[in-house]
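Residue numbering begins at 1 within each chain, and the chains themselves are lettered A, B, C and D in the order written.
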Amino acid sequence: VTTTGSADDGYRFKRRVPFHETDLAGIVHFSWFFRYMEEAEHALWRAAGLSIDRAGAETGWPRVSASFDFKNALFFEDEFEVVVRVATVTRRTIQYAFVVMRGDTTIGTGAMTAACARKQPGLPLQAVDVLPDIVAKLRAAAGQSPS
Amino acid sequence: VTTTGSADDGYRFKRRVPFHETDLAGIVHFSWFFRYMEEAEHALWRAAGLSIDRAGAETGWPRVSASFDFKNALFFEDEFEVVVRVATVTRRTIQYAFVVMRGDTTIGTGAMTAACARKQPGLPLQAVDVLPDIVAKLRAAAGQSPS
Amino acid sequence: VTTTGSADDGYRFKRRVPFHETDLAGIVHFSWFFRYMEEAEHALWRAAGLSIDRAGAETGWPRVSASFDFKNALFFEDEFEVVVRVATVTRRTIQYAFVVMRGDTTIGTGAMTAACARKQPGLPLQAVDVLPDIVAKLRAAAGQSPS
Amino acid sequence: VTTTGSADDGYRFKRRVPFHETDLAGIVHFSWFFRYMEEAEHALWRAAGLSIDRAGAETGWPRVSASFDFKNALFFEDEFEVVVRVATVTRRTIQYAFVVMRGDTTIGTGAMTAACARKQPGLPLQAVDVLPDIVAKLRAAAGQSPS
């Protein structure tokens, strides 16, 4: 089930670049974009009235894959937005799509897939089905159509 | 020259704990508090209409020392404040004092001293005098009395 | 120009998981795998008698894309290896392929593409051709055939 | 109980600076020294045949305070050593002292105090007494006299 969104949808997570995220090339180190994506994902969950992956929670969302294409650099104190949408949902995974923007400049685009897993003390994570209600709430918070 | 502030002064920098700042003990890893202090320092500079330590800037502020005392833990998605004040100013250094608060709970207190240095391509940093105007603006932004 | 390597080739970069790389789920935070890949890439460069991306260097290697597929978790104090090989080389980019292993367990696989760029003070990075000699040295250090 | 060590004692933890630990000033970001100290502390524990702070362990070592004085900068790919010793031990805390060296150059000195705490699921950490045997093993691994 793939959702093709309009150019405008997506939850917009705002962020500023602190000093410690830069590297000796004078730009944000590329590894940070993966953290930006996760921060935006969690902000989307909060916007949907949900929380994710707390210690002690019964359900976790381990990452299955993550990728990012870098178009332009981000610099110290730049203000930027991470636009996040629900992309592909399978029985046991949610894939999110991301665009990082500084004003009208596209900094890069990425994707991240998380699996739904049951956490039980002393046991390995066990894959479980994604609750449809969670997907519906996330889509709504991202301004996407219900399915 | 030491400034003793009232309990209320200080610039308040707000922040939330993202997932990647936690460690396997389930709390924010202690090293992050040093980044929180710097983020608050730079927010104070912006509030004072200044910017700090950009690439290509003629003046930098390398850290001379930093310390933090940990009182309580911070957790995933906690919202907290870093209250920053100008503490001790010497000819060539500014020391900042910090209190990290989550609501009424003190998470910890810290201090950080930065030296004023001239940066010239290909040369080592050279200590230079702190401009009084900068200190005055920082104190004002922190709600502190002028000297 | 794609190189298909044997199962055995690749430079092996050894690493251990420190405490601060774990998150509240008790495992290494997924963002670290992108840093592991870069650390292995740079270790390959050193093994090839080269160095990469120093401040002041005339040539830099900004990342164009990075991706990782997560198979198993890494834990605190785990010892693991990042096996890195030169994958696809185009006129102006080098793509590396990575496998992260803990003993016989595959932790995950990834890829990273870096562009060759000329750095000049005050100017944007400019794409330039990859020197064939660099590619030859990297392949040799990774135990790969010359082309 | 304070231990004054000779200039030579201390466990020596070796490390190299990866790219992602540098900042736009071209040097290792100061926050990393706090992670270096913890990495050296844990290496000392391993050298003593102990492990620290694993998930599920009954005892944890939350940080009480940490400080560092910065003397010289570290740069990309620098090899350096963190020399760690047991400094002051109280009934419920261990303080470690650190010196970071690059060859004969002192990069900085620091201290970190950890409290011994019992971890029980669902309960706050509870301070407990430091086992004398642990201190003896750590001192031995650091080449320090028994008390």
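As a convention for this text, a contact is a pair of C-beta atoms (placed from the backbone, for glycine too) under 8 Å apart; a residue touches a chain by one contact, two chains touch by 3 or more.
This structure is a prediction, so every number in the text was calculated from the model and none was measured.
Between the chain pairs A-D and A-B, more C-beta pairs are in contact across A-B. When the contact pairs of C-D are matched by residue number against A-B, B-C or B-D, more than half turn up again in A-B. A straight line joining the Cα centres of chain A and chain D is 35 Å long.
Centroids of chain A and chain C (each the mean of its C-alpha atoms) stand 24 Å apart. Averaging Cα coordinates per chain places chain A and chain B 30 Å apart. Counting only residues that touch two or more partner chains, chain A has 19-20, 22, 24, 26-27, 31, 35, 38, 53-55, 76.
Within the complex formed with chain D, the residues of chain B that make contact are 24-25, 27, 30-32, 34-35, 38, 53-55, 60, 62-70, 73. Those residues of chain C lying in contact with chain B across their complex are 19-20, 22-24, 26-27, 29, 31, 76, 121. Residue ranges on chain C touching chain D, taken from their complex, read 18-20, 22, 26, 35, 38-39, 42, 46, 51-55, 75-77.
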